[in-house]
Amino acid sequence: MSDLKKILEAILMASRCPVTAKDLYETLHDPNTTEDQVEEALAELQCDYQDRAFELVEVASGWRIQIKIDFTPWVQNSLKEKPPKYSPALMETLALIVYQQPITRGEIESVRGVALSSNILQILMDNEWIRISGYRETPGRPALYITTKKFLDDFGLKNIKNVPELPEITKISE
Amino acid sequence: MSDLKKILEAILMASRCPVTAKDLYETLHDPNTTEDQVEEALAELQCDYQDRAFELVEVASGWRIQIKIDFTPWVQNSLKEKPPKYSPALMETLALIVYQQPITRGEIESVRGVALSSNILQILMDNEWIRISGYRETPGRPALYITTKKFLDDFGLKNIKNVPELPEITKISE
Amino acid sequence: MSLNDIVQTAEKSQVFATVKGEPVTELPKNLYIPPEALEVYLEQFEGPLDLLLFLIRKQDIDILNIPVNEITNQYVSYIELMQILNFELAAEYLVMAAMLAEIKSRMMLPSVVEEEEDEEDPRAELVRRLQEYEKVKFASIELDDMERVGRDVFIASANIDHLCFDQPKPQVDIGDLTHALLSVMARKKQRKPHTVEAIKFSITDRMNNVMNSLREFDFIRFQDCFTEEEGRAGLVVAFSAILQLLRNSLIEITQEKPLYPIFISLAKNKTKDSQS
């Protein structure tokens, strides 16, 4: 297996989202590799994966490695046995968005006292529990996060007003 | 490639956390497959991946597929957000918890000779590298911190006993 | 500002900083950190033990036989320099300076040490702390060098978003969310800086009050010096005032028998005191 193929495999396997051929090419920083060679290597990888449980496909936003559809039952089983556990940091972030929406990343960080690791908001977005509702008109125009309908569905709420009220003393605005 | 191997590959590739051989076995729901066969298939997969950019390794909470270390520079290049760099103060705090757990905040401060800034423990908790295991029955009931399985996973260890040994530095003369 | 800038400014003005109102015209002597690396180093120290350990290791000093006098002088020079350079100096640095000074003074009294058989080397505690800290520092470097997920090791995963099945609902409910929020808020409260209020009571005033009362009456009852309404701060100040007066030999405190009232009176040897 060529080095180029392995490098592309590594990048695609490590990425959470699809990567474009152009991005792959730029990540290489290699004057000896052309964009065409990248495309070729991607095609070869596709063949390599014929006898594996995953495949390389091109979707709207780029290339990604995904589980072949034949293995759906087992993936489903494994998720059933071990549903994803959310970290306290993720739960606290979600809680702040629920009770303080719309809220910026900076505000979440200032209440929690530590920087937010980037994948927390990503996971919440992937779950479609939160979305960006707009941007605050302050320097940097930070994104404002709010909860979604899917969040209400998944948590069995009819309306965002149904979230339990907080004891008076813990009101956030102090 | 056998079906069993492919199924295991699918489950492991679909999961973001390590999976134990036992969990894999239970996910199969297959009376014709034994736990030993699962272990064997895992060993075979390890061989299969020799010429790929990823490898199958066993850490504290199970098996996981990870990118081989040779490809780290390219993966790092492709990351949109650089991984956080931790201060010596944070690493010293973590080292104290690793080697002297369970330990209180006061004990950490006394060994390091300085007060602990509040966000250090919070970052370690957010990473799920440490957790509170209980409270010491002394005045103030200080929290006792210990390391987690996730700490072992993230540092590629199977067991807390695998942490590097401390050197004996109490030499009489140098 | 680099040290060079400081030196250049100093050359121009002959004064490059002011400490406690005093202009400083020369850098402290005995600095073992190369001047050009000074600023970088000073910012990096993880506390007084780290600084001390650096001074010891830099000069290849045997940690079990620290020349306290020399190390103390060097340590204090750095502390002064950090103050000159306006580093935010944690109180712990000053505590260590005091500890070093104490060890130094104890070591200057060799006769006392010899007389008491079990007297430990005054440096023993410091050496023990330095060794323990060095071990932790070493371990932390080892730990940081280990390959870790997210920095050196990356998890390989394949996407499953396109698979059609009922994704299991999250194993969390809204109660977990409120619980999470409450714990954030509880932590935030702990982080809040506490405001230091200006002292409402002055020890000197209180000392004068006690002395005035004693000039009027021969005795006053110990408990009459305290007013409950003043709260804890008031009680502490009143008590400190009495201790201070006692220390200055201005008053005497008497109690006839255990559990009997305690009385305060003017010191009888007050006049003699001034002669000695």
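We call the chains A, B and C, going by the order they appear; numbering starts again at 1 in every chain.
The rule we apply is simple: a contact is a pair of C-beta atoms (placed from the backbone, for glycine too) under 8 Å apart; a residue touches a chain by one contact, two chains touch by 3 or more.
Just so we're clear, the structure is a prediction, and the values are computed from it rather than from any experiment.
**Student:** Looking at mean CA positions, which chain is nearest the middle of everything shown?
**Tutor:** Answer for the innermost chain: B.
**Student:** Determine, using the mean of C-alpha atoms as each chain's centre, which chain is farthest from chain C.
**Tutor:** A
**Student:** Using mean CA coordinates as chain centres, what's the gap between chain A and chain B in Å?
**Tutor:** Here chain A and chain B have centroids separated by 22 Å.
**Student:** Which whole number of Å gives the spacing of the CA centres of chain A and chain C?
**Tutor:** Going by mean C-alpha positions, chain A sits 45 Å from chain C.
**Student:** With chain centres taken as the means of their Cα atoms, state the distance from chain B to chain C in Å.
**Tutor:** One centre to the other, that is 36 Å.
**Student:** Where in chain C do residues touch two or more other chains at once?
**Tutor:** Residues 154-158, 160, 187, 191 of chain C each touch two or more of the other chains.
**Student:** Residues of chain A that touch two or more other chains: which are they?
**Tutor:** Touching at least two other chains: 10, 13-14, 53-54, 65, 67, 75, 79, 84, 88, 112-113.
**Student:** Please output the residues of chain B touching chain C within their complex, sorted ascending.
**Tutor:** Touching chain C from chain B are residues 10, 13-16, 54, 64-67, 69, 72, 75, 83, 86, 88-89, 91-92, 94-96, 98-99, 111-115, 118, 122, 153-156, 163-164, 166-167, 169-170, 172-174.
**Student:** Which stretch or stretches of chain C touch chain B in the complex?
**Tutor:** Its residues touching chain B are 44, 46-50, 60, 62-64, 90, 92, 96, 129, 131-144, 146-158, 160, 187, 190-191.
**Student:** In the complex, go through chain C and note every residue touching chain A.
**Tutor:** Residue list for chain C touching chain A: 154-178, 180-188, 191.
**Student:** Please name which positions on chain B make contact with chain A in the complex.
**Tutor:** Counting only chain B, the residues touching chain A are 1, 6-7, 9-11, 13-17, 19, 23-24, 26-29, 51-54, 65, 67-68, 71, 74-75, 77-78, 80-81, 84, 118-119, 122-123, 125-128.
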